[in-house]
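Two complexes are shown next, each including chain A; its partner changes from chain B in the first to chain C in the second.
Coming up: the complex of A and B.
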């Protein structure tokens, strides 16, 4: 007998979080409210808000938010009933007392605690705290292209032992090909009890294909943003993702027309610069460098008159991770000195 | 009056109290003294003193004895209970007056196994070596109980027969989630080496799964996590495989069994400490749901149902030889635990409001 029960895929929409990278963390109250209303209408299961690097990350170094995290949460909260309100947090940028506790008090329903893909150890207390508060809690392994499947299994098991109810592999650099995604996600699904998720970046124009590969390998959670609004070359466009998953027979619970409407709203009201796959994005994807470095690299490269592509390849060679933005200047200075000495 | 009096009286089985008279006027040292088992042993000794004039003293050795003070202030005010602030990894000498040792120090928290595996190993191995080495230098100690773990027997499929004390499968040493089981296994080897070389009178207990008051809500154990989920409005969230089966034993029974094994267990013997029946994680979730009397759902979200649906269920033939009985059923255990947590939450809330 044919099985008519469609497999459910949980979609998280970080337009108002990852998209924050794309507009230099300058979301306005009006934009937050407008997109939250659209997300609720479209029945998006989880809408994530906050600074691009997560709550508590607003700073001169990685960018100051125009609306602080707690206000972002409060503004979105007012318009969400069925859609759950998510937050993202990287221990180091944020602390439990200063950031996580007030964010939960302000109305966050879902908490994602992220670390570099080989450093899940730092998430123990934060995952534990979010669980204690009864929140749906996911762990995120960032720049997961930098670790083998075996290492990722080990790190996922750590997060599982801390109480995470799902682990999201993040392709922070947009470096994966579908075959890489399939290999890693299926290895995790075979070895981990809790649901596995995937968060794509579109540097090599693979975001939708990679998200589909993840789902076909057994992932139960995938991320998408309106028009792909996110760091670097952007994320998986949620409206395309929903359409493709519908076509493939998966149940996302999202209303197709309404998500198309939400993307139109985002296009009109939110996207001050649409994510594009320019040469820098392609190079950063190939080099395996965190997508959120893009704007910093372009700015610093211009300042020191060096080729941003060289900067990206050097960052990739040094295996930099999110939070090491200071190295961009160091590398630009080195490259600039080398060029000067060659000219002499 | 002792806290938990009814349950403790039930667990020690008054008609067999004469089997414990060897404890009268004696001094016991418990390492890991402010952990779950240590606190329940202290509660039991306290009641034996109050109701049956045992005049037994107890040293609770712990690296952080005051951490649990708000959970059990009555224990901290009892003159027969002495707290020693010490890490078993740094022990050289034990108090000179002790007659019995229960070595229970370890970290069963699975989060610590992932984050601090080397600490877990060091506590089990160096701690056991230190304690037994110190025992060797005493000519007064009558018996030593090493609290090991049923996990040393290895992993079993869900349909396997109950685990006997002499039955072993392998433990994968390449997974850090197994550091606890591996280091407990090594601790048993250390204990048997001391017994063989220095004729120390060592007996071993292997607990399976505990349940009861004194397990904090934030600890990653199934029952208290389910209670936490339900008390915060639900749903009760099952993580891992819902078919995994375990045999649970309530704190008062676990303490009573431990004391009886210490006194009556034969040196060199191993005794499982567990409930007689086993329950799946799904069944436990349903029991908590029913006991909480709340309209909360049970959610289950697993990628892979066939993964690790294992069992952790003890065969109790050897323990029954010592006339060890489970006196608190799983349903009673869950009810008592819920009651304790709810009272505690209420107390903490009042305290916060007062402040």
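Coming up: the complex of A and C.
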């Protein structure tokens, strides 16, 4: 049977996690329930929920959540049976005691522990803890465009040695082109024994193409969100991803009509704004800056009357990583005083 | 010649070695022991070249020769300090703890140095705590109802040794505790970011707060006073964003340019906690010997 030889691709859907960046962490209970029901119906394998930067990251720095992470998990949990409930966590923002342990107690099935792409050693204890609790555990290397394939191999190996059962390369800035994805993912697939995944952002309109390149290079895990709802220009639209993988002959286990229905529900119930590739998103992708900076850059640039594109390029020049949103204010003040002195 | 206080450094990592370089300059302190678990490191060699007594016996070296030391800097780990603390107590040694063990009283020289002077075990909290607590304390002095304070520190990846990396959870926990204690905020949050950029970035810390009615002018005045005082023991501490209200929050940012003693100047995080520890140790020394030959 043709079905038996189709290669399986594991899809993770962070609509209710990465999407939190897109609505400034304001998902309501109703929205969480509504999308969880749709995800279960579509047989999405893993639905990730929480603050945009993961559990425990609700903050003035990134944005305060309206519904706290544990409640988000509890609301989603009530509607999920076959779909596993995923959480995301960045050490440095969250801790085991305050965040990870209670999240697992509240019903998380899959745990992703993330670090900037060169700092995998900060994930050791958290990956170890999630494994101890018997949870499927993946490591994530964020802003992976900032490191070479050789460095990424080393960092992946660290995560593997800590117990990660898969490592996801994140294109947090939407900076990759398909050839970059192919080069890095195939290098990892060749050198690492656990499944490799890819998480795209759509700043340069490459999210679907990059996800395809990842799968062709041997990635077994791919992320997509409804209508691409996610930070910055958004992620890979899951309904397109499923359709394309179907056409290419891969098995995602997701029901096409039901995922189309889920995206309609998302469209109607949870997308307060549709992800678009606007000027700031393009610049942010080119500058290689973490997508979740977008709303902050727009707000702060308006406050200090500076060009948000200049702010993005300066952030890129300073090689900022996820979590350095405070620098936006410093840069905006600097640019605005420069402009003032030019006018005088 | 002025009599100096005899001090030992327990722990030969980045923090311990940077402390050693700073102590060599102190008019009040003399390092009479650089103690680790391993003699074969470049850091030990540095100590030997500086003519300092070295040992690889850990706390055993202090138990064998307790009279060789008046004060001990514990720069090991939180877990190790929990074992060391009762031994120091029995030997009646003053100890300045640079681990996040949370046994001794929390000490931030710019805020509570005098209170700590009568105690035998003080804790230096964390590097982010030393950078942010003076500002959080000032926010608490100026405002009656501090609802929330958040501190974000970004440090260069190269300045974060293996112990720091393995202990991020303790760092967060200890820093949040310190913030709440010194500012009387109802809630606090600490975030630590490692940035691998090359050339290395300087340590920077942002302090944000939510209060019902920000008193920015008064706050600016007090923050400047605080920083003037802080700079007497951390010369590289600089305000880069003045206290301001942005998006309904109080926002200010500082950067610490290290003295470049052991690691280059980007490692302001090592510098600030060690400068604070030395300021405290010198205060003990002045208390003990200052009067006798002050003239």
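Keep this in mind: the second predicted complex is superposed on the first by the 340 of 344 C-alpha atoms of A that agree within 3 Å, B and C clash if a C-alpha of one lies under 4 Å from a C-alpha of the other, contacts with A are read in each partner's own complex, and residues count from 1 in each chain.
Please note the rule applied: contacts are C-beta pairs under 8 Å (C-beta built on N, C-alpha and C of every residue); 3 or more make two chains touch, one makes a residue touch a chain.
Only a predicted model underlies this, so the values are computations on that prediction, with no experimental measurement involved.
Chemist: Of the two partner chains, chain B (first) and chain C (second), which one does A:189 touch, if any: first, second, both, or neither?
Modeler: After superposing on A, A:189 lies in contact with chain B but is clear of chain C.
Chemist: For A:18 in the superposed arrangement: first (chain B), second (chain C), both or neither?
Modeler: Neither partner.
Chemist: So, does A:220 touch the first partner chain B, the second partner chain C, both, or neither?
Modeler: A:220 contacts chain B only, not chain C.
Chemist: Going by the contact rule set out at the top, does A:124 touch chain B (first), chain C (second), both, or neither?
Modeler: Touch status of A:124: both partners.
Chemist: Please indicate which partner A:40 is in contact with in the superposed arrangement: first for chain B, second for chain C, both, or neither.
Modeler: neither
Chemist: Which holds for A:239: it touches chain B only (first), chain C only (second), both, or neither?
Modeler: So A:239 meets neither chain B nor chain C here.
Chemist: Thinking of the overlay built on chain A, is A:314 touched by chain B (first), by chain C (second), by both, or by neither?
Modeler: Neither partner.
Chemist: Determine where on chain A the residues touched by chain B overlap those touched by chain C, and list them.
Modeler: Of chain A, residues 121, 124 contact chain B in one complex and chain C in the other.
Chemist: Which residues of chain A touch chain C in their complex?
Modeler: Checking each residue of chain A against chain C gives 59-61, 91-93, 95-98, 116, 118-119, 121-122, 124-125, 146, 299-300, 303, 318-324, 326, 329-330, 333.
Chemist: Using the touch definition from the top, list the residues of chain C that touch chain A in their complex.
Modeler: Per the stated touch rule, the residues are 148, 150, 152, 154, 157, 162, 165-166, 168-169, 172-173, 189, 191-197, 201, 204, 206, 208, 210, 240-241, 246-247, 249, 251, 253.
Chemist: Mind pulling up the chain B residues that touch chain A in the complex?
Modeler: Against chain A, the touching part of chain B is residues 110-111, 113-115, 175-177, 217-218, 220, 225, 228-229, 232-233, 237, 239-241, 301-304, 307-308.
Chemist: Note which residues of chain A are touching chain B in the complex, please.
Modeler: 120-121, 124, 128, 131-134, 154, 157-158, 160-163, 165-166, 189-196, 218, 220
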